[in-house]
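In this document, chain identifiers A, B, C and D correspond to the written order of the chains, with residue numbering beginning at 1 in each.
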């Protein structure tokens, strides 16, 4: 093995640089050259790249983001081209493959989430040798117990809950925190447990606002005149609920930022009489330096990816299985998302320490 | 001196508990009893209170919020009463004074910002012996160089800028951060300097979006394909500017959360072609545990407040003057807010290190 | 089940309070009373205890230490008694059992490490119904993949490495950091990976100082005029090595700081000519508030412990198995410590990213 | 003005890079070239330097240490030379001046503490045009109210106190923390206030151990079975005290850790019967990224230094006076250190909130 390529795709995530550093250092150990493509698959299509040597990765272990840049729109099979003021789409996958061939790459390591790996899967079907590394803040990727960046996001969300707690208690308010998680409630659930939330609303357990109100009132009756509600951005009310309508149709004011979080907040204020405030954590969750945990996991993934390449296990993705590093076929990974089991141990633990899921 | 009262009013602020702890410990040293009123002046009106002894303040030095609770609506001179489903307002200041007299208080220490101290001022005019302690996240209170809580808010806002920086750089985006500061841009300015922002928009310097765009494009030309914009919530465009109109009248979507920050973001995206995201820091700025700096300042204020009471200097507020603790008349403090001098050294420093104010 | 007891034994550890909170809340859900014994088994011997209701555990989720107090000396089977100025030891285990019976406890939950659980095991052999919860900063307890507190210690140690890094680089120095780990190098290894250390010395891999010197000189030759060495307190040189002698017998200067860390530092200074400094992290590793990760794990353990009690699975310890909560016999746990596999994936990963183990 | 030089001398300090960044950006604004000498005055003697353009300072605002390197031994007037295995000293100041002239520098900005500025002062007397920027972790430099790096050190020390607090309380121990401050107790005093220490021992107030013991016993009598003692490394017992002798001559056990901190700890254990532990914070205090406060102060100093140069105010040092940036003659600064006034407001505040100084 003489030369490998690497790219980072999709939303940025703390730990991407730690993966790159581990790949470059491990490759260097085996006298393998590394080509880094800029801005995800976009860089392969346009042949934007740089040589990555141990020098380029000095000091990046603790840095958030990715030195390669990323892109979460540009699929080579459906590549956006602005031409004469119009947006067109074209399949430039062959052009991308040509670039890979020009570089005489033995393998391409693709660090990305569901979207990026699906794209990688399409290239695999066209014969490209690819190794995957799982990346998603939301931790909703199948085939691995954990993705790096997730625990850093939990730290940030938990810290936010703590900050909101002091205001909630001092002012006798309901504080709503909207966190990431369009399809899976992992961040909301785990940060809710760590931060001592009172209610956690996640996509996997459609909620009923009346139940949330009941929880808030139970707390009030016990002299706890405030509540913390953590809402995953993908949380949604139960079908057919009257409350649903109110949320969907007529919240008092138009809401842009803070989708479901803002809606829940305005309804709860109306329903309980408590002053209610919403905070949308947004991009703060994916920024900043990775936690120690994520730097370790990311480093392990990077080393393992090169190892898989050396073993010729193309089409596989590194994976955390328990506390061991293993590998799974990318083809399996992209089939479905990993969501929170509504009756699993983690949800039961949350319930036992007093967290309501609004049901 | 046998007995003093204390209350915390207005929005909560890291360091309130440290002030309370210092007051109670200092009073105890002088065998003075302390009565703590709940929820600001509301507690005086309703005679809601608790005895504060050294035991009550154990462990609160590092806790955010206020163990007394606060309220930012209930002015005794214009007290809101819900009656028969209607909201009425009444002057209950005499009832409040009666409660102070019943407790045989030698003095009332009022910890609060502009609103709370204005209310304190009205009580002073009616003969109540009051000592003030300045409190405002925004640092816009006159008569003191600094208020506790402000540096903790700077820490939080600076940390947010750092987090946004990694995403901005990885994705070649403009990231807009809206911070507190309705009337004064102290947080935006200082966090902007500390976090390495590219543009800072503050109420004291009405901005022109074209200038912001120019800064972003200058950066782009130097190969810096991202920018960080920090916007105080009270920032506003220059009068008469065409851009102003667009902001005020027709931003593409209705915006609720993220007032000016969201507007600036949507306009910048349209004007520059850069993907743009807005984050509203909101309540995260006033929550959480106070920084070391704020615990020290708050402790000094608490000790000084009791000292002022012992010296009979009623009507005065503790104040930081340079690095010394002094005192100023509350009557002076409530006259006007302290805003950022548009041509002061801090703004000039910001300019010298490359920050644009959009003018 | 009507009433259970709980105690925390051994060195304190971030997350103990989170376990207690989860136990009390879960017990309360099942109408089970909880008796908390003070200062580990000492409180059982002396019948020092308090009732633990949900009220007692409010706000302790994020607090380090243990509200019950702990003790790492007082084994009821060999209880230290000061009498007439002399220290005697007596077997007071029957007295302890009598107290447990007086409280009519259905079960005793013992949260502790190797020492405390060994003691619990002796009580189990005498017929006491005990559920164990694993606790050790060092993560060297068998039967569980992870113990709470460990990841918080990693965070602290990693943060220390980062701090030392800036000084090392600015002053062209070798910085030695001594961390916990008398028998196992988990903290040194994982913090070393997360912090970007150059050398990691652990008990499981006896080191040769000449190899450490070689690593430092290789770095120097590549223009890296500084190195970071992380040393577990239980690290030791290879037998028979000449260098060993020098460490043991006659380091050039009297060693002021630390055990093995200080010795390694003075030898390295003499052998390389680099200015060398040592920092002993000590108790900072076990203090402070638990990380989000540890609060979640601790909460899961607490809930699971009550669950095991309800299921009558006495003699078992809660355990993390992969990412699932399981249970193992305490009898198995106390047989041997869990140490770092010298040829395991984690060590190999560390090597691949450039860490030397001094061999 | 066409070209200026800059160097960083003495122990590293969070904020040095922020000063450099501000100097380079401000100089660039005025089309002034910047030459950075490596490793303090050593780089001037050996003519080791690099060009500093805005490109070199990208991203360094938040980085601890100094990209120029530092040295705290090499005084050009007494320069150490290793020759034929022997150490000699020579006055190479003229050689240094020659290098400055070769670069045609209009001015040299010297960022350093007492030692470095004394050296700068000697160059000033030989006609070199120098502007000073104050730097010391200890904050003991005259002529300025504050030096950057100090508040970051306070943050680190305060955090350490908090961590020790949980162990102290859980185990009923005395925890001793030794912090920096050879000549001045600023760090111990301010971190002690911020962290809620019980005893603070500083160089300016020679202590009596019996008084420390009394404080610990008073706490014990109030049910507080632990104490936190913060000791500045330069703290010393009162002359003639019997206790002094015992500290100096014969502590009961060989002291393993630290200087005065370890001695105080072993004596206190013997005198009180409480288990006692010592932690030496050491280099952790000067490492890591600067706090927001220090980045702002450092940026202001950097801008102001170039401003002084442009105004031709050579021989002056930038200075924080209250909250304004001013300038003082370096000749004045190096005359004496700034120590804690033993009867000043800060010490009195500490006393009022219950801190004993051991007198």
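Convention: a residue touches a chain if its C-beta (ideal position, glycine included) is under 8 Å from a C-beta of that chain, and two chains touch if they have at least 3 such contacts.
Fair warning: this is a prediction, and the values are worked out from it, not measured in the lab.
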For subunit A and subunit D, the touch-path distance in steps comes out at 2
Relative to subunit C, largest Cα-centroid distance belongs to chain B
Whole-angstrom distance, CA centroid of subunit C to CA centroid of subunit D, is 34
Cα centre of subunit B to Cα centre of subunit C, whole Å, reads 42
Within subunit A, the set of residues that touch 2 or more other chains is 162
Among line, ring, star, complete and other, the chain touch graph is ring
Counting only contacts in the complex, subunit A reaches subunit C at residues 21-22, 25-26, 29, 61-62, 145-146, 151, 154-155, 158, 162, 190-191, 193-196, 291-293, 295-296, 299-300, 302-304, 306, 321-325, 345-346, 348-349, 352-354
Subunit D partner, complex, touching residues on subunit C are 8, 11-12, 14, 16, 39, 63-66, 69-72, 156, 159-160, 162-167, 169-172, 175, 256-259, 277, 279-280, 282-284, 286-289
